[in-house]
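For reference, chains read A, B, C, D and E in written order, and residue numbers begin at 1 within each chain.
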Amino acid sequence: MKDMIEGYITADGRQIGGVLMELKNITLRFGGVVAIKDISFDIREGEIRAIIGPNGAGKSSMLNVISGFYVPTEGEVWFRGERRPAMRPYQVARLGIARTFQNIALFDGMSVLDNIMTGRLTLMKSGLLSQALWMGKAAEEEDAHREKVEKIIDFLEIQNIRKTPVGRLPYGLKKRVELARALAAEPKILLLDEPMAGMNVEEKEDMCRFILDVNDEFGTTTVLIEHDMGVVMDLSDRVVVMDYGRKIGDGPPDEVRNNQDVIDAYLGVAHD
Amino acid sequence: MFYREAGDFKTSYRADSQTFPIRLDRMGFWAAMLIAYAVVPFVVDDYWANAVFVPFLIYAIAAIGLNILVGYAGQVSLGTGGFMAVGAYAVYKLMTSFPEVPFFFHVILAGGVTAFVGVLFGLPSLRIKGFYLAVATLAAQFFLVWLFNKVPWFYNYSASGQITAPDRTMLGIYITGAQTSAVAKYLFCLVILTLVALIARNLTRGTVGRKWMAIRDMDIAAEIIGVNPLTAKVTAFAVSSFFIGIAGALLFSVYLGAAEVGEAFGINKSFLVLFMVIIGGLGSIFGSFAGAAFLVLLPVFLKNVLVGTLGWPTDVAAHLELMIVGALIVVFLIVEPHGLAQLWRIAKEKLRLWPFPH
Amino acid sequence: DLTVPNLSYRTGSYAANGIPYADGFADYFTLLNERDGGIGGEKVAVPECETAYNTEKGVECYESTKGQAALAYNPLSTGITYQLIPKVTADHHVLYTPGYGRTSAANGSVFEWVFNYPANYWDGASVAVKYLLDENGGSLEGKKIALVYHNSAYGKEPIRTLEELAKKHGFSLSLLPVDPPGQEQKSQWLQIRRDKPDYVLMWGWGVMNQVAIQEAVNIRFPMEHMIGVWWSGSENDVGPAGDKANGYKSISFHGVGDEFPIYADLKQYVFDPGKAAGAGDNLGNVLYSRGMYAAMIISEAIRTAQEMAGHAAVTPDEVREGFENLNLTEARLTELGLPGFAQEIHASCADHGGPGSAMILQWDAGTKKWSAVSDWITSDAEVLDPLIAEDSAAFAAESGITPRCQ
Amino acid sequence: MTDQLLYAAEAALNGLMTGVMYALVALGFVLIYKSSGVFNYAQGVLALFAALTLVGIQKGQVPFAHLINAMTGGHLETFPWQVPAFLAILLTAGVMVGMALLIEKLVLKHLVNQAPIILFMATIGLAYFLEGFGDVMWGADIKTLDVGLPQGINETIESVTDSLLGYGFFIDNLDIVASIVAVLLVAALTLFSQYSKQGRALRAVADDHQAALSVGISLRFIWVLVWSIAGFVALVAGIMWGSKSGVQFSLSLIALKALPVLMLGGFTSIPGAIVGGLIIGMGEKLFEFWIGPLIGGATENWFAYVLALLFLVFRPQGLFGERIIERV
Amino acid sequence: MLDAAKTDTLLEVNNIEVIYNHVILVLKGVSLSVPKGGITALLGGNGAGKTTTLKAISNLLRSERGEVTKGTILYRGERVQDGSPADLVRKGVIQVMEGRHCFEHLTVEENLLTGAYTRKDGRAEVMKDLEMVYSYFPRLKERRKSQAGYTSGGEQQMVAMGRALMSRPETILLDEPSMGLAPQLVEQIFEIVKAVNEGEGVTFLLAEQNTNVALRYAHYGYILESGRVVMDGPAAQLRENPDVKEFYLGMSDDGRKSFRDVRSYRRRKRWLA
């Protein structure tokens, strides 16, 4: 338990810190359906934490609990050593938790740029009046944030679609824009729900690169749900495996991959 | 290639986020302003000013207001008539209670009062969505009309419950009342419309606007990325009602001169403004102008053609007018569901490519 | 040409009433043009403009016609009237609103350009009460009267007067507002059924009238005890209730029916040549007659103006003089082929409201005809004059008008 | 029982009956909304148009007579015949089906997969058109509709309650007929949407136009079907309301009274329309009875909406509406 | 394995051009032919136009304000691009749309039953197929009574797939069937595709990003890039193509590379771009 608090250095030399968030005995029920059954795990600062499991296992529901959209029936969420009180999702977002969605949830009527700018809403402060007049603070703030957003746009290589309405984008680019929006919030914890679904290998590689770079550069803690085992095994530091709402495995990728329960429930065959 | 954006490079984000990033658009805008301020006042006659331009300007204000709520924040409202009535009665009470205060401030204050009422009726939008909300806003429409009809204080205890705008001046020129010249009315409304459009434009391109649009496009996701739905919706209701209140105040005091609440601010008004917004284009300031112009001009145009030119009986003409307006609305929606603003955008894209089809 | 715009409504909620009125108005002028070559040899143009009972369209109509030196406006809508009052005063056009509009416009010293003779709403209220007094041997002490009214400026008009009259005559008055359009009036009529008022007065317009009469029939309220103002007493209103509406009464300030001699001329010059404005199925009915009445008064005022000015092509200012000096006698009415159709009018600078008298009509469902059951009844000037003075003084103060006619 | 209570009971009962009349209009809305997600503002005008057509056919009016006369200077009025009520109703129903076909072909077909508000606007356009069209076709004058429905107080109920309670209740015969018809309609429509082969397809279309297309549901067929039924329901509503007030433009405004009913019952629930109608009808009558006199009366218009609004705050999808799915 | 040359062409797309919103040109002359009884894969990156191609075929384009402006689409030699989607379903072509598109308010079972909307062979047959779908996707049987809107992403994908199977089609157009499915389920879905294809002779045209699996099961493949077909050929052949290997299969000369190494590696130039 000791190193839980102090952190460690990974094989490729990244610094993993202490426990940033801890989920304690989370249970989530919808009427008769039990989506999550008494699950506990922790997320450490700077790590890439994967959640895997068969369809309907409760992975997305878990992210929803973390981001405050679902209130767990039982259990507690601890963040930075304190118990997080009941909160509305927008309050959770202000704590520095950003996410992407499994079913893309972009704002279809807005341009790519505006979508990404919404990611920074929690950081923008100017009041209604100064915005109405578009003088002084509002305009300056807008420019300052625009600059940050442009960096992210460059980083994700979506400069050429900046002004396109997102409704027209193909699926893969939408996913990328969603990632950009989440990154724009400069989050402490980044929650990614199947960011690479519907992409081909080349695009997955790009996406992995982004995730790794973010993690490297800003030390952003990342929680990743993904069905591509290659990606999960290569990227993540630790993996939680869920099945039917229960946790059936938790540990470094290699360990999980060889866990018989995980193989039975999820992988089918042992993956390389 | 009449319409070009190539060669228009921006060197700062400020320049890139200005209202008309493309030079040609900018020139068009200044040309329009020049015509509106320096040409129209000298060429219009009373009929055009009183029966066409003034209502157009006022409805454009209302349409911008409603567009903020429906087009930007995605909250469908059918209470516009009621909110306009709040503006009208507020301005009436202010004008009669504080005659020494300049009329311009009355109008702005009337907007403020309406904003407050709008926020009250906007609160249920936290729970109620879509058409349920649309129908719920009718509660505001009917309740407000009833209230202004019922409580004599609002109409200064006049025998019939009508309110009549007293004479008021700005800089020594009559703005309301019978002596007002058509051009004065026109210019006063034009100035207010210009201000309203600028403010609306500023709000919709910044943080507030993005919050609204986020709520509109997907409210749950918006909340999860950090938009407080309460404040976003409430500000949308407030700003929208503010503009609508101003429009109501002007409609009563400058345009009509006298009003009775059920007649001038009935549910038909709500629908009319909603039409303007949708025909013009949801989520577009330009669209609000286009929609208002279209729906103010169309009946006048049809009437003049059918009765004036073709000499048909007025009732046949009126019925045909209804049919034509109805059919045109449907045709417009079929041709371009996103309104005149979108047609304009497509036209520009075509022009840019011209003479090539794609 | 002499221009008299016809601001009519043939569409919208009140189309059913607007149509016969506009027809009567237009047909009368057509008759003058066809038979007499106009007024004083000058043809009358009656450009029609559809307002749909909508105040904004009313403004549009006004603006589009005022350039043609329009001589008089008659918009048949209280709302439009209120809007036009300041406008006509500034632009110098006569606004003629027989039996509707702003009651205190009867005071010509304040409302220079507005005329509303022969009677206004307050006259109507007073006439109804006087008629009931007659019916009850001169006393209404202890009687209960209910007013069912259109919940709008128009419907609220008689309340003040009736309250005064209730004080004076000792009857109790209960007020039952009906929200327009008025399709649903169960609450009001259940209350009437419970309270059992002796009489019901009605200030309605449009569908409200039909539903009220139907509901009254439903609760078996005696039709003879129900009196509608002139806007609640047309064939349209009693039609849907069928035979059961027999005996319903209404006030009127003009005669009805197509037995007047003028109809021979109308037939010869207007209907038979196919020049009629409508389909011809409205002849002689209440609203058609009222449209005709308005046209007749306007044309007589123009005639007076021509006589005073000494030329036929009169201006709006001259026509105002004509209105103010109108002297309509029974003899003149007979000449016009309308004997007994209306009361005499002797207007003056201060008096724009006329005699204020009206009669009571009753509906015979068997013959489908209205017939008079009273003589002309004059309103109670003792009660009304102070009210009019008060209201017009308030308007004068508000709009900074110094009363004329001293 | 005190008089006040008896009166209140009478008001409540009549409110229930009135509510059923509202529900008749609301039903048309529900049907169309449920099956296509279209909020059909034109439902009220549809009722007006149906009633106009019924009277026109019954009385043998020449359609477009006024227009033809105006153009040709003729004197067309009526045909030399009258059509029996029953036959006229059948013919009118036929006209409504024809109308459904046209609406689908000219309007809806071109608006597949559009946002609900666009479809809503299209129906308002349609309402304008129909309003003008109805006037041109049949004239804007008021018409008396008589298909032989009983009207006026029901004397049996009056005398029975009088002998039992000492106060004879007022119930309108027309309301009783309307209630019976409404119950039959609701039962039939519920069966249709729950158990017929098309029922599921209707709901599928409302959820997702594209997906419905992709499994081979013909939107055209569904829409024609539903609009025909809604047209028929509008005819029924038109007959009931038209018998009471005559047929004229204002008839279309009853749609406004149906909206709070709809909201309260839930846009997608057929039984909800009836239950919503009962609650609204009774609520507004009792409010007018108790509170109305204190605040000046004529509260019914807004109270219905406020009542519905209060319900919605607690149940945002109405009493029986489908749960609004909120997921990410 | 099927030999494309020997079988009839069931579906033929000739040089079609698609424009959205009157201005956005998306397909710039795409031609395909789908042999009867075969599994044809349509591969390509994001925005290449796979979905658009499928929608053009199934006539769903019009409801997105898209239009086929040039070229023809023939099914059994008949021109089909002017009809409605329902006509096509009646002819036996059904599409499983990208992004699931379940009927949210209907239960899982009702969703499946709508798939049988056009069938005329009686309730018993439909029920049999329902059982068959449940046997393919046991998870759905557990959730049969829940509203589809509340099921997980993968479950919805199964619903969409099952719904298409319920119509007993002759041809299925599958848009990204594997998206969001757990690995063993991806295999399973393709096994089902194979089984249905072989057992019942159903023809498949599938758009897929998971090139690896797709090429393992397909007989023939087309590769689309920015609205054009840039390469086609029998699946086995495509799998061996070095470019395909690199860009779509993620293989370099020395086997699969780790996603962790992507940072340090530079891409070769692409064919077009």
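By definition in this document, a contact is a pair of C-beta atoms (placed from the backbone, for glycine too) under 8 Å apart; a residue touches a chain by one contact, two chains touch by 3 or more.
Note that the coordinates shown come from a computational prediction; the quantities given were computed from them, not determined experimentally.
A.B. asks: By the touch criterion stated at the start, how many steps lie between subunit D and subunit E on the shortest route?
C.D. replies: When the steps are counted carefully, the minimum from subunit D to subunit E is 1.
A.B. asks: Mind listing the chains that sit against subunit A and also against subunit D?
C.D. replies: Looking at subunit D and subunit A together, the chains touching each of them are B, E.
A.B. asks: Would you kindly say which chain has the C-alpha centre located farthest from the C-alpha centre of subunit B?
C.D. replies: E
A.B. asks: Report the inter-chain centroid distance for subunit C and subunit E in whole angstrom, where each centroid is the mean of the CA atoms.
C.D. replies: 74
A.B. asks: From the mean C-alpha coordinate of subunit B to that of subunit D, what's the distance rounded to whole Å?
C.D. replies: The separation of the two C-alpha centroids amounts to 32 Å.
A.B. asks: If you average the Cα atoms of subunit A and of subunit E to get two centres, how far apart are those centres in Å?
C.D. replies: 29
A.B. asks: Please set out, as single numbers or ranges, the residues of subunit D touching at least two other chains.
C.D. replies: 66, 132, 135, 140, 296, 298, 301, 327-328 - these are the residues of subunit D that touch more than one other chain.
A.B. asks: By residue number and range, which residues of subunit C touch two or more other chains?
C.D. replies: Residues 10-11, 15, 19, 151, 179.
A.B. asks: If I count partner chains per residue in subunit E, which residues reach a count of at least 2?
C.D. replies: Only 150 qualify.
A.B. asks: Taking touching chains as linked, do they make an open path (line), a single closed cycle (ring), a hub with spokes (star), an all-linked set (complete), or other?
C.D. replies: The chain contacts form none of line, ring, star or complete graph.
A.B. asks: Would you mind giving me the full set of chain pairs in touch?
C.D. replies: Pairs flagged as touching, ordered by label: A-B, A-D, A-E, B-C, B-D, B-E, C-D, D-E.
A.B. asks: For the complex, give me every residue of subunit E touching subunit B.
C.D. replies: Residues in contact with subunit B: 19, 21-23, 25.
A.B. asks: Going by the contact rule set out above, which residues of subunit A touch subunit D in the complex?
C.D. replies: Touching subunit D from subunit A are residues 64, 69, 101-103, 105.
A.B. asks: Which subunit B residues qualify as touching subunit C in the complex?
C.D. replies: Touching subunit C from subunit B are residues 45-47, 50-51, 55, 96, 146, 149, 158-162, 164, 166-167, 177-179, 255-260, 262-264, 268, 299-300, 303, 307, 313-315, 317-319, 322.
A.B. asks: Across the complex, what residues on subunit B touch subunit A?
C.D. replies: 12-14, 17, 199, 202-203, 206-208, 210-211, 213-214, 216-218, 220-229, 235, 239, 283
A.B. asks: Under the stated contact criterion, what part of subunit D meets subunit A in this complex?
C.D. replies: 327-328
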